[in-house]
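One structure is given here, and the rest of the page talks about it.
All chains are identified by letter, namely A, B and C, in their written order; residue positions are counted from 1 within each chain.
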Amino acid sequence: MTRRLAPVAVALAFAAGSAGAAEIRVLNWKGYGTDETWAVEAFERSTGHTVVHDHFNSEQEMLTKLRTNPGAYDVVLINSAYTRQAAEEGLIQPIDTAGMRNVDDLAPDMATNEELNANGALHGVPWVWGVTGFAYDRREFEEAPTSLEVFWDPALKGRVGWRDDALEAVQFAALATGQSINDIEDMQAVRDKLQALMPQLATLWSSENDWNRFMASGDFVVATYWSGSANRSRTNFGLPVEFVVPEEGAIGWLDGLSIPAGSENVEAAKAFIDWMIDPRFYVQWDGEVGAPASANLEAAAALGDQAFNRIVLGNPEAIERIEIMGPVPEETRREYLELWQELKAGL
Amino acid sequence: MRPPPSLRAREARGTAALLAPAYLWLTAAVFVPLAVMLGLSFLTETPFGGRDWAVTLGQYEDALGKPLYRELLRRSLLLAGEVTLWCVVIGWPAAFVLAKVIGPRRRGALFLLTILPFWSNGLVRVFSWAILLRGAGVIDWAVEGLTPLEVEGSLLFTREAVVIGLVHAYLPYVVLTGYLSISAIGDDLLEAARSLGASRWLVFLRVVAPLSLPGVAAGAALVFVPVAGAFMEPRILGGREGTFLGTVIEDQFTAVFNWPFGAALSFVLLAAVLAVLAVSAPAVRAAR
Amino acid sequence: MSGRGWRNAGRLWLGLVLLFLYLPIAVMAAMSLNASPFYQLPFEFSWRWYDDLAGNRQLQRAAWTSIWIALATAAIATALGTAAAVALHRGPRGRRVLEALLFPPIAVPWLITGTAMLVFFFLVGIGRGNGAVLVGHVALAIPYVVLVVSARLRALDPALEEAARSLGASRWTAFRRVTLPFLAPGVIAGALFAFAVSFDQFVISYFLQAPGQTTLPVEIYAAIRKGFTPEINAVSTLVIGVSMALLLLVARLVRFGDLR
């Protein structure tokens, strides 16, 4: 149906001027803000555009979908560690932010982030950011753990959880062995550390749903987790968990909204992105569902004092310990993957 | 007397006409795409986005040479074998009962009830097993509620849990294909054997087993082949013990962009599975 | 043990097998009525997930799409697969190869086949959409139908069809009056398998469906990532419940327990 409508929509857009009604297609994780029903409805009502979503379950799938569907998507969520690669492959286009009201309020260091500005042009509008640290069941700990070493605590053998992701595993082990996540020199130390971790694990988790279930049923009592998701677990699911930015450091990430090359609805896409970084959207999203931290300073400031993101990530000392993850070459990724698979297979 | 050549030619055309639609469909939808994948497995890199690539045997060298993948292949084949064995041991007698013991009125309903679990969503089923098998889950609750016993430990995140989940998912194949061949054995044949003084056991061994073997073997193949590449049950039920070739192949597509290697691993798996089937086929035929 | 003893033992065995098969389904149904979103016990009865489901258009649409595609798949795959099985049974040249060719769709992990289809369909211009999904599903279902119907065919006594022919029946009449009724349970089983393969198939659907379209397994899989609510259990329970009712009705009407 949409194939026949697309030329009509474009014709309408030209006829009615640049604000003609379009159907924009958004590619994102499921349940990650852009598909909140109330947000989509508000956008559709005020602009007359319609929004259709498609989802992916891993960054590699996102890239594959972009590669094999040119022109099919108008907005795509890309982690800053992948933006440069997508830009260099010609999958996304530079964004001209003229006309986007909220862009001026973006945190300057994020707006000028190197990875989002591949080849000197903005390819991804910084949207939300957060850290990967760990969260624990507050009923199980008398004293709040502050260090990654909690995962290697013999008293917690068989009760800790870890994400089934090779890159993250290596990065955490790097932090635990005092290295920088973007510049790991001593792989042997990383390997030994991870080897020592394996007997400690209850299980590995791969999705928020896994994490929530395992934590709720006590399969594990402390596990690595994303800050935004921990917020969600508390707000949306009511789990008694606390999030920690470890002493050794945490893995920071920045998600950006990009416009795929070949999109036929660039103006509408920009309007949608503008809405996504709008404080009104953000405050409601964070309040009702729980969200990562906003890259929009106005939006972040609009949160209440008790808001999770304020407390955990508003702390300058914590911010010091966060290192934003940079792009990782494919060869390195494969090396880490093989290492991780060997460890999991018990070899 | 052999039919005349023109009749044979007509028959051959008829046979070809019956085969064509299915195999043409398979060719267009599966064989050609897989052939493309096979070609990919001989490249160094996935040829997208301006990457440099070259032809190489390296992917297969790694898939067959590196200890990690050899070990995972071995484990996956063993898992598949174990699951198949359980399915046959549990399913064959069940098929016999369904075909020969249950009366005709109930048989149809029970036959359909055996297929029905296939229609439930696989992922939901596996999650349900996770609930059942976890310590402090439903089974514990039921046992502790109904008996004075206390349940220790949890079956979840063990290899056994993976086996249980897989047996559950694939058992109906054996029951149903077994039923299809056992139900074709004439009752009169069985009665005749019994009336000649053969014991039940002998009747089963010398009459039922050989005649139902092809059906059960087909069911066993339908179990063995997909289980070797399974990744859902191992991931969700296996925890730390959940790494098999299927999960590793999946990683090549979801964690990295290494399609050539993923393809190579898949074709190694395919070859191994076909080899097992080829080796066991003569044994099956000899048993008749 | 006496004859009756054996028969009762047999019934018990079948009963246990069915219990085993339905255990997780019972859990799924129970959890769809449990108030806790994390399947926590003790059990607290609640209709809320069914209420949520009633309001969840996306999930409902996905369920219907899955059902239609599965019905179409079953129809097409059964027709094609049965024809192929009958042809193979005649023992044509190259039979071994043709039989071996049925295994790659089942053996190769669906992720590979799905990616291969995605890329190939993209290159060839078939693209994505429900049509592409149907093409993929039928291709995956055909081997099951062929293998199941073949299993049944192999049990057919060739003397029966020969006897009919020697009495003057044409090949087609002999097939229609003798072989086909015998095949019926096999064909039905094949059709039911084909339906199941399509209905539960998420990998192929996931790759081949167009943005905005969705099928039930894909919805479920995507929901897993960010929050699998028991609405999923509710819709699955409904599907099973309705299917069970339908199948039992069919069993009553057709009484094909008599067909042997």
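Here is the rule we use: a residue touches a chain if its C-beta (ideal position, glycine included) is under 8 Å from a C-beta of that chain, and two chains touch if they have at least 3 such contacts.
Just so it is clear, the structure is predicted and the values come from calculations on it, not from any experiment.
Colleague: Counting only C-beta pairs in contact, which chains form the busiest pair?
Modeller: Result: the chain pair B-C has the most contacts.
Colleague: Which chain maximises the distance between its CA centroid and that of chain B?
Modeller: A
Colleague: Just give me the whole-number Å value for how far the CA centre of chain B lies from that of chain C.
Modeller: Comparing mean C-alpha positions, chain C is 14 Å from chain B.
Colleague: Roughly how far is chain A from chain C, centre to centre by C-alpha average, rounded to an integer in Å?
Modeller: From the centre of chain A to the centre of chain C is 37 Å.
Colleague: Two-or-more-chain contact residues of chain B, please, as numbers and ranges.
Modeller: 137, 253
Colleague: Could you check chain C for residues that touch two or more other chains and list them?
Modeller: Residues 39, 115, 119, 221, 224, 228.
Colleague: Which residues does chain A have that touch at least 2 chains other than itself?
Modeller: 57, 213, 217 - these are the residues of chain A that touch more than one other chain.
Colleague: Provide the residue numbers of chain C that touch chain B in the complex, in ascending order.
Modeller: Spelled out, the residues of chain C in touch with chain B are 6-7, 10-11, 13-14, 17-18, 20-25, 27-28, 31, 39, 41-42, 79-81, 83-84, 86-88, 90, 92, 98, 100-101, 103-109, 111-113, 115-117, 119-121, 135-136, 138-140, 142-144, 146-148, 150-152, 154-157, 182, 185-186, 189, 192-193, 195-196, 199-200, 202, 216-217, 220-221, 224, 228, 232-233, 236, 239-240, 243-244, 247-248, 250-252, 254-258, 260.
Colleague: Which residues of chain A touch chain C in their complex?
Modeller: Spelled out, the residues of chain A in touch with chain C are 2, 25, 27, 29-32, 52-55, 57, 64, 68-69, 72-73, 207-210, 212-213, 216-217, 236-237.
Colleague: What residues of chain B sit close enough to touch chain C in their complex?
Modeller: 11-12, 15-16, 18-19, 21-23, 25-26, 28-34, 36-37, 90-91, 93-94, 96-98, 101-125, 127-129, 131-132, 137-138, 141, 168, 171-172, 175-177, 179-181, 183-185, 200, 211, 214-215, 218-219, 221-222, 225-226, 228-229, 231, 246, 249-250, 253, 259, 262-263, 266-267, 269-270, 273-274, 277
Colleague: List the residues on chain C that touch chain A in their complex, please.
Modeller: Its residues touching chain A are 37-40, 115, 118-119, 122, 128, 210-212, 221-228.
Colleague: Where on chain A is chain B touching in the complex?
Modeller: Residues 57-58, 60-61, 63, 67, 88-91, 164-167, 198, 201-204, 206, 213, 217-219, 330, 333-334, 337-338, 341-342, 344-345, 347 of chain A touch chain B in their complex.
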